[in-house]
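Each chain carries a letter (A, B, C and D) given by its place in the written order, and its residues are counted from 1.
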Amino acid sequence: MELTSPENENQALPGQFYMLGAGQGYDPLLKRAFSLFRNTPDGFQILYRIQGRGTSLMRDMKAGTSVEVLGPLGRPYPEPSKKQTPLVIAGGVGLASVFSLVEKFPKQAYMLYGARSGEDLFSVTELRDAARDLLLSTDDGSLGKKGTVMDSLHELVSTHATLLNERLIMYACGPEQMLREVSQFGMAHNIQTYISFEAHMACGVGACLSCAVAVKKKKSKQKSQQDNQPVYKKVCTDGPVFDAREIAW
Amino acid sequence: MELTSPENENQALPGQFYMLGAGQGYDPLLKRAFSLFRNTPDGFQILYRIQGRGTSLMRDMKAGTSVEVLGPLGRPYPEPSKKQTPLVIAGGVGLASVFSLVEKFPKQAYMLYGARSGEDLFSVTELRDAARDLLLSTDDGSLGKKGTVMDSLHELVSTHATLLNERLIMYACGPEQMLREVSQFGMAHNIQTYISFEAHMACGVGACLSCAVAVKKKKSKQKSQQDNQPVYKKVCTDGPVFDAREIAW
Amino acid sequence: MSRLDVQIGSMHLKAPVVSASGCFGYGEEYSEFIDLNRLGAVVVKGISLKPMHGNPPPRICETPCGMLNSIGLQNVGLKVFLKEKLPFLRTFDTKVIVNILGNSLKDYEKLARSLDDAGVDAIELNVSCPNVRKGGIWFGTDRKMLGKLVSAIKASLQHSVLITKLSPTVSDIGEFAQIAEDAGSDAVSLINTIPGMAIDINTRKPKIRNIIGGLSGPAIKPIALRMVHETYKSVTIPIIGMGGIMNASDALEFIIAGATAVAVGTANFINPLTTAEIIDGISNFMKQENLTALNDLTGSLHDG
Amino acid sequence: MSRLDVQIGSMHLKAPVVSASGCFGYGEEYSEFIDLNRLGAVVVKGISLKPMHGNPPPRICETPCGMLNSIGLQNVGLKVFLKEKLPFLRTFDTKVIVNILGNSLKDYEKLARSLDDAGVDAIELNVSCPNVRKGGIWFGTDRKMLGKLVSAIKASLQHSVLITKLSPTVSDIGEFAQIAEDAGSDAVSLINTIPGMAIDINTRKPKIRNIIGGLSGPAIKPIALRMVHETYKSVTIPIIGMGGIMNASDALEFIIAGATAVAVGTANFINPLTTAEIIDGISNFMKQENLTALNDLTGSLHDG
């Protein structure tokens, strides 16, 4: 869905998100988080999947409905340096979060994009133009290779022998299981890896502490007596993009 | 607004009402009561004023939205006998409740219709055709006589000397203050008078006892120890139409 | 094939869904909108010895995802109920549960005895109605009085099952459920409405004439669900859970939290078919989850 | 010209609207979205002696017209608060109220003393947090302990105003307010969240990892408003009312019910400008009603 905004002075960067109000009245009550999909001349677009009540209401909105928006929020993906080759991995609507990143560095990024089936793969033509190489995969094989993005990843590195010697930087957004595997791969091969997380959010600005994600101790500057307990960071302001090495899986 | 209903087998009678769901989700929660304005070939119409949240949501509904409807509910206006001359009085959206009654007995009813100002008077041309005589009044005088329907009433009886000798039957719907005055007039002149009431409703079917209206003791068949206390009837099932003599003002 | 029937004391309900007292009149009001034979039981509006006229209007007002009511226990009284209302309910294949309210232990006993004689299936002790100063509320939040009342009523019943309806306005609902169980109650039902208020800022008057009314509807569901779970952990007698149940999913939450059956109140006002739709929904859920008996679901919360 | 300033004990608020603890972080989080100088005071997230990491996720879930939270009192701890958070708040022309939580009377005393020394304007005793088994909740529902705690803290304060935040999970909130007043509390604030639950019927797991969370938002407004009114009738000290306040009209309901000031919690999440918009709304209402001072409105409910 596309939103136009009267005062869109500060555009969102790849990886940042917005909090959108869904429906009128107080039910549903909270705003919903959606990544920047792509900026437009007079606003921005988001890409969303129908999950529950809020997104269902969004689907039923008539064009021209005004929605409350808070953002852009959160930390964007760190940009690749001149010497780095971006390797972007998206699962499902995770594409939303990384799409504008791929477009921002035309013909540079290797793009791996997977979903349940063909009709869940969006903007494939734009991606083909924007990416240096695009590998599609679907669980049912209806489009691209049958399998997961991880299969594509292994295929990619095996077909591009030299790839792992290049200075790679990985970006990933998708289901948690996928993020875990990508992170493990990245750490195993010593690749700088950034992943975008999801968590249930209330405020989106770091005030309510709803969006906790467990991180490794050494990374935390906090002193505390309860050292048996995990340490948490906020997905909304410390993230949603995290260095894979930070996360305590 | 007009509603079409798939199974509209039993049409509502003048004075009956429907409970309409406003908006999705649970806020607002309760259905709202609206009188039958007029039946249509494949449904019915209601006439409503924007009062609060529910009616505001109704205004914003796009055509084709499906709304939950319960009804027709409540007791209709008793029809005039062959010998009786109907005298119908409406204040504001109170018109909704009596409009179909006037149309049902073409050229028979004297119609008194008042509102704040001209733009609050609806379907005037239809009324002129349907009524035997139509007297309009507005508080600001922008349309019809400047004044209230009570002024019109007194004017009517003074200009039609014989009217009070005819067997009149009065029907009224509008603000409580107006209903009170109409009732007093009716009782003073011994005219059979039926008024349609409003009360906050939850169920609309007589189950929740929300919609209490105080009625005179003698009318109540209930026995009780608390005889200092008033007796109540249900607007939704005992009414909304009541014999003016029943009400304990 | 999955079975939906449940047992509340010696009372057998063919379906785990009943109407909530005060939200279904005497059954007859809704009988033209829904087939009463589908319900596990009809729980009727609170009955007192003598008829009560109730509170002056306005009696209700809408609140965010809920409503406040202060009907003031208007009811036709025991005599009229037995003569005019009960016979009609008897023509249906559903259990009849009568919610009773008195101002004294004596009142409650008289009511219980006559209804027991009349052969109603169960009596629901309303000790938690927030709408009358004296009476109900007092028993509901006083440990000693509650125990005394429950055992007295239990003693005066021959056939009817005794259900104690708990007040939500206590710090520890489990403790009060325990008291009811120890005093011989066959089951507990919860929650009743939670006292609340709303004000018209322009007139500066309460939106409910009685100032305070009882809050019901989806707004209170999380509170009710928590109390049902706490009660489940502290008693072994069956629980009839209620509070904001609007659909099968809500009902299943209560059952998983520990309810043997659920009651539907405010939702009837929004959709008179709610109870039947919930029964169908539960049945579908059990098929989908390959569950044969509802007991496998009751209290099955994974709270590890 | 109508005045919006109010007095809470010896503390003067230029506007009757403050942030609710835990819903406004340490102020800084919202400082780029709203001008903190507009608020009567910033009430910060509950502070404990040592930093706390909080509960494992999921920590919140949405409910009808409300939300459940079980943050688990995550906070940076007293030391970091004084060193890193307080100085920032001091740069604004608004009062600073610090919500404190301890597991023992000693904890509370230590916290109170150091914050008093650091010159915070007021201390809000969180004796009602539903999210930790030990600590808070225990003081909040135990009459003796509450009195003991409040008088001990009062004794250890030199300058800071003492506000006691009451637990809503009691049968008679007025009684507990009375206890706080008698023990020397300068004001009371209410209500805290109401313990609630939500269940995912497919996984049969609680939607909140901690099983029970605190319910907030519009859903609880009628309950909060009733409790504020009951408290107003039983104490003479000022009341800071909160619970589901979303707009000026809601805030005015609380003031008419007896609140001297109001706190806004969950609404900040939906609209960070809520507090400022409420202040403007109250100001407009007073003009329209030709009121010169807010006191003319406080407790002005026509409940005859």
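Throughout what follows, contacts are C-beta pairs under 8 Å (C-beta built on N, C-alpha and C of every residue); 3 or more make two chains touch, one makes a residue touch a chain.
This one's a predicted model, so the numbers in the text were calculated from it and none came from an experiment.
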item	value
Labels of chains that are neighbours to chain A and to chain C	B, D
Between B-D and B-C, the pair with more C-beta contacts	B-C
Inter-centroid spacing, chain D versus chain C (mean Cα positions, whole Å)	34
Centre-to-centre distance between chain B and chain A (centres being mean Cα positions), rounded to whole Å	58
Computed distance of Cα centres, chain C from chain B, in Å	36
Separation of chain B from chain D, taking each centre as the mean of its C-alpha atoms, in whole Å	48
Residues of chain A whose C-beta touches two or more other chains	26-28
Shared interface positions of chain C, touching two or more other chains	64-66, 217-218
Arrangement of touching chains [line / ring / star / complete / other]	complete
Chain D contact footprint on chain A (complex, rising order)	21, 26-31, 68, 70, 199-214, 222-226, 229-232, 237
Contact set on chain A toward chain B in their complex	23-28, 53, 57, 62
Of chain C, residues touching chain A in the complex	64-65, 218
Touching residues on chain B, where the partner in the complex is chain D	26-27
For the chain C and chain B complex, residues of the former touching the latter	22-25, 29-30, 33, 45, 50-62, 64-67, 69, 71, 74, 76-77, 217-218, 246, 266, 268-272
